[in-house]
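Read the structure below first, then the notes.
Should a chain be cited, it is by its letter among A, B, C, D, E and F, assigned in written order, with residues numbered from 1 in that chain.
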Amino acid sequence: MRYGTNASACAALVRRDLLLTWRRRGDALNPVLFAVIVVVLFPLALGPEPNQLARISAGIVFVAILLAGLLALDTLFRGDHEDGSLEQLVLSPHPLPLLLGSKIAVHWLTTGLPLIVVAPVLAEMLHLPRSVLPVLLAALALATPLLSLFGAVCVALTVGMRRSGMLLALLVLPLYVPVLIFAAGACNAAQSGLAYLAPLLWLGAALALALVLAPLACAAALRISIS
Amino acid sequence: MNTLTLWFHKFGSPPVFHRIAVRLAPWLFGFAVICGLAALYGGLVVAPADYQQSDAYRIIFIHVPCAWMSLFAYFFMAANAFIALVWRIKISEILAMASAPVGAVFTAITLITGSIWGKPMWGTWWTWDARLTSELVLLFLYLGVIGLYNAIEDRRQAARAAAFLALVGIVNVPIVHFSVNWWNTLHQGSTVRLLGPSRIDESMLWPLLLMALATHVWFFASVLVRARVSLVELEGGKEWAREIALGKGEPA
Amino acid sequence: MSITLVRLSRPGRGASPHARDIRKLMIAGESNDPMPLLEARDLSYSRNDEPVFGPLDFRLHAGEVVLIEGDNGSGKTTLLRVLSGLLAPGGGSVRLNGENLTVARLSHQVALLGHQPGLKADLTPLENLNFAIGVFGLRAGITPHLALSSVGLEGYEDVPTRQLSAGQKKRVSLARLLLVPAALWLLDEPYANLDREGIDLVNRLLDAQARRGGAALVTSHGAYAFTSGSPRRLPLRATA
Amino acid sequence: MSEFLAMGGYGAYVWSSYAIFMLFLLFDFIAPRLRNRRVIAELRGRLKRDRKRQEKSP
Amino acid sequence: MSITLVRLSRPGRGASPHARDIRKLMIAGESNDPMPLLEARDLSYSRNDEPVFGPLDFRLHAGEVVLIEGDNGSGKTTLLRVLSGLLAPGGGSVRLNGENLTVARLSHQVALLGHQPGLKADLTPLENLNFAIGVFGLRAGITPHLALSSVGLEGYEDVPTRQLSAGQKKRVSLARLLLVPAALWLLDEPYANLDREGIDLVNRLLDAQARRGGAALVTSHGAYAFTSGSPRRLPLRATA
Amino acid sequence: MRYGTNASACAALVRRDLLLTWRRRGDALNPVLFAVIVVVLFPLALGPEPNQLARISAGIVFVAILLAGLLALDTLFRGDHEDGSLEQLVLSPHPLPLLLGSKIAVHWLTTGLPLIVVAPVLAEMLHLPRSVLPVLLAALALATPLLSLFGAVCVALTVGMRRSGMLLALLVLPLYVPVLIFAAGACNAAQSGLAYLAPLLWLGAALALALVLAPLACAAALRISIS
């Protein structure tokens, strides 16, 4: 009899989720594609003047990435719930917040990170001034994990519902609003030549807090909604 | 905590609660309507026009009480949600869920009357300042709680999930309240203080406070009615609920 | 293996709780062994305040297999979920090896095989089993390969689970059951989706689990067969 | 009177606000009553079904 | 009612298609009636070039009920979907009353009861049946209320279907079958989810359909029962 | 035996779908809420200056409504497919394009129309000049049925796929782009004081064509994907 440690359980989970993403690597690109689509729609809807686009580019990139992340959230527990793995995970003797934390980390790696990688391209499409790009990337690096963590709590509440997409958007919005304000605020400040460090620091502080609390909240929410 | 649970067991027994709600609600509604009418009279007729805003300021008599209620209702909902989650008390679940729609109504009134007031005062229906935005977020929180509650089949599980969300969302309440202090905005800072001198004329103050009283009482009346309906629905299998369904002393 | 059959019955939905006859379920031949593996005391569960199953009292000892039979909606699945700790009981308690079982305190002792097999369709059986080992641990003296071959899936180690038939998927989850070190098996309709040979396999596995000193609770439908009209059987004639 | 209604030129704003206030509270008053009626009707139906079933198979 | 039992068999997945023994299925006792209600000639279906069922030849006359039995994945559901016209056959043809059946040319003659019942969970049984009547028409001499009561759902006319148990949902779809004016019933596992009483009901309905001059094709699983160990039965003792 | 006419079949379908929407009237508001949420995100991301917002408001409203419509598309056949009603509909002896046309009409009534109703509020939140509003509404009145019709064809192709959300977005987008360009073009022209009638006429022509062809295409696609 060998029971395995918490660490080995997390490792097994991370390995499995990465493997699953790899097996469906076509699907994994979907959030990126969606963000690109949203960004493409804007020049079409607003007209193509570069100056006007440049002024709003950081905001549009954020909204696009936020919406893409929102839609990708659905996949966080959906598959596991449908095929019964989530039940098995809850039944496992290892601490649920730890396991969920690993799942959220993998989810961020497979959706948030690609979005950060594609962000420079999106920014370029909208003529974002080159000097703002580093701030945009820093803000995204802090904001996307926050979005994943906050989102996970809300998804855990809606797990098991059919057609939860729109409801999820509604639940998640109040949590996303401050993240968006600070992240886009940093970029807008940088674009106007103002100080942009303070909002980034706030984001960092929120991230540190969320890293600790969100998995706990997520586990509690999941226990409520799975029963 | 022990006395608390005792209290809940006494008054929180569904048939007792139902009886109390049926008896109390009409009185509360009546009181609220009378207070409200008096406040309307005071606000629309007695109070003089403002030297700056002329008569437009009279929107204050509904805008501000409703704004207070939107925050108070959330606070009430979150407190009940906390009790529901920790001690699993059925009445608290129901009270929390019953206050969500009433709170949403008051929030909506605040938003709408505020933007109607904004047009003559600020020249725009809507700006994206901190207070207005956080109040809008408050509406979304209410709608999220209601939506989540309605989306889950099992009523008690639904109540617990929605209560959890309500608790997570409570951070927004202080943001709404203090937004005028933390960020400089178009919106008025606090003018009415219960402690210390208010920066508002006596003849305008009393209708405002009376209307605030009326909306509070209305809130509790409405919550009681909603709670008692949910209670009958939830306890449909029990004898007392069946008796009510068969029309033994059920007012409309 | 001693198989005990228990029948769960439930009056139609909506019947008044007073009219509902609440049954107490006692497993006959219950020894006075001091420490049963699983013990349910006064166990009940209600959904929306409507009782799903009445207060139950029973014990399960090492070496026993109990079959729970009941019509649709009689609460079999719900009972297993309560016993596994996934659902909090509405009343009464579940004790595992004498300790109270709560959602927050689960143990390595229980393995649940639910309606959903809990397999990832995109992974191979072997990968699925390895994940289960990582999360639940491994029983001594067995490997994933061994387990797969003992459920008759030799040669399917590396086929994506999606491409397996329903019966083969069920077999993979049976293999998982063999691997994880659980003394108590809770099997929800393990016979569903399986053909006759598969049913024999389940019975052999249950037998082994009992001999090994474990125990199992198994649910199954009340109605199985095409019961009327004594159908005339017709062998197929190969013409091509 | 018309002066009162005009509210110093702000009549449209003031009265629409008060109308919305009244309408929303009216809605808040009626909605639970409608739901009550529905719940009671459903419960009655359920009772009737139970009685029928008990008559059929005592 | 004459019930004919047909067994569909299919070698395990992955077996080479050459090893697969393709069988021709002939219904014994087939009369030489000039116009069968349904006739399959050389009918086959393949998915991804892998044959799902081999070339089949059979006829179904008015007044006949045929039971198709087969293990999991033997192609029962697929056969019914081909016969209903939902899937285009891979080879051969289906003739209904002597006319070729194609996806584009369906007829009022066929009613299919699939794995999914096709009921809206948010509507009541009555509303569901009324919709079916609007789209499919109404058999003479029956009303939705009559149909519901004849499947044992009196008093459930106005309950949202979501709140019905699986077996009751199945009964609603049986009521729909009674209402629509179809001469041929294709029933995919009508016995699944039903308890013994429900199974009797299905048999009675099939009987009536046969006597009325209709016909039915019914599928069912090969394996039903808890076959081994001759379980000791244990009546529940009511203690409370 | 009574078989019913084509008209009675369509009427039964329309009645049922409206009844279903009414039974789930909470869900029916989701697209509207989503559009509001998207519109709310922009001022937060871009900063609140009214002038800047006014310049891009028509575009944002279009993108928000388009995204909301896109996500609502999923519900067009999803429910019917999952519970088997779609199969029954295909098996019905009435012409499938006619039945699908009725379904699409109801879908537009229950998602497109509410979006048009809420559009003035969205526009006001973004400070769209009052004079452009009638053009915006006209463009929406022509564009949203087009979006429903085009969308239905794509949904019919993806029906029966799990997690089809993002794929659907990719399929639908190329069809939506021209609609977006014409509709937003009309508004932008009106906002700059140019002639805006031509793009609206083009939209009308496309709508007339789509009304005839889309149900046929939809039926063909559905027959393919259901088998």
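In the analysis below, contacts are C-beta pairs under 8 Å (C-beta built on N, C-alpha and C of every residue); 3 or more make two chains touch, one makes a residue touch a chain.
Going by UniProt, the chains are A, F = Heme exporter protein B; B = Heme exporter protein C; D = Heme exporter protein D.
All values derive from a computational prediction rather than experimental measurement.
Peer 1: If you take the chains that touch subunit A (Heme exporter protein B) and keep only those that also touch subunit F (Heme exporter protein B), what is left?
Peer 2: Chains that touch both subunit A (Heme exporter protein B) and subunit F (Heme exporter protein B), as defined above, are B.
Peer 1: Considering only C-beta pairs in contact, identify the chain pair with the most of them.
Peer 2: C-E
Peer 1: How big is the gap, in whole Å, between where the Cα atoms of subunit B (Heme exporter protein C) centre and where those of subunit D (Heme exporter protein D) centre?
Peer 2: Between these chains, centre-to-centre, one finds 17 Å.
Peer 1: What whole-number Å value describes the gap between the mean CA coordinates of subunit C and subunit F (Heme exporter protein B)?
Peer 2: Centres of subunit C and subunit F (Heme exporter protein B) (C-alpha means) sit 47 Å apart.
Peer 1: Can you work out the whole-Å distance between the CA centroids of subunit E and subunit F (Heme exporter protein B)?
Peer 2: Whole-Å distance between the two chain centres: 38.
Peer 1: If I count partner chains per residue in subunit C, which residues reach a count of at least 2?
Peer 2: Residues 14, 16.
Peer 1: Send over the residues of subunit B (Heme exporter protein C) in touch with two or more other chains.
Peer 2: 133, 140, 143, 147, 151, 236, 242
Peer 1: Pull out every residue in subunit A (Heme exporter protein B) that's touching 2 or more other chains.
Peer 2: 167, 170, 173, 177, 227
Peer 1: In the complex of these two chains, what residues of subunit B (Heme exporter protein C) are touching subunit F (Heme exporter protein B)?
Peer 2: 124-129, 133, 136, 140, 143, 146-147, 150-151
Peer 1: Which bits of subunit C are touching subunit A (Heme exporter protein B) when the two form their complex?
Peer 2: Those residues of subunit C that touch subunit A (Heme exporter protein B) are 84-88, 103, 106-108, 110, 112, 114-123, 127, 130-140, 160, 181.
Peer 1: Residues of subunit A (Heme exporter protein B) touching subunit F (Heme exporter protein B) in their complex?
Peer 2: Those residues of subunit A (Heme exporter protein B) that touch subunit F (Heme exporter protein B) are 27, 30-31, 33-34, 37-38, 41-42, 44-47, 52, 55-56, 58-60, 62-63, 66-67, 71, 74-75, 78, 162-163, 165-167, 169-170, 173, 177, 180-181, 184, 188.
Peer 1: Using the touch definition up top, name the residues of subunit F (Heme exporter protein B) that touch subunit E in the complex.
Peer 2: The contact residues of subunit F (Heme exporter protein B) facing subunit E are 1-4, 8-9, 11-13, 15-16, 19-20, 23-24, 79, 82-85, 87-94, 99, 223, 226-227.
Peer 1: Subunit D (Heme exporter protein D) touches which residues of subunit E in the complex?
Peer 2: Against subunit D (Heme exporter protein D), the touching part of subunit E is residues 154-156, 158-159.
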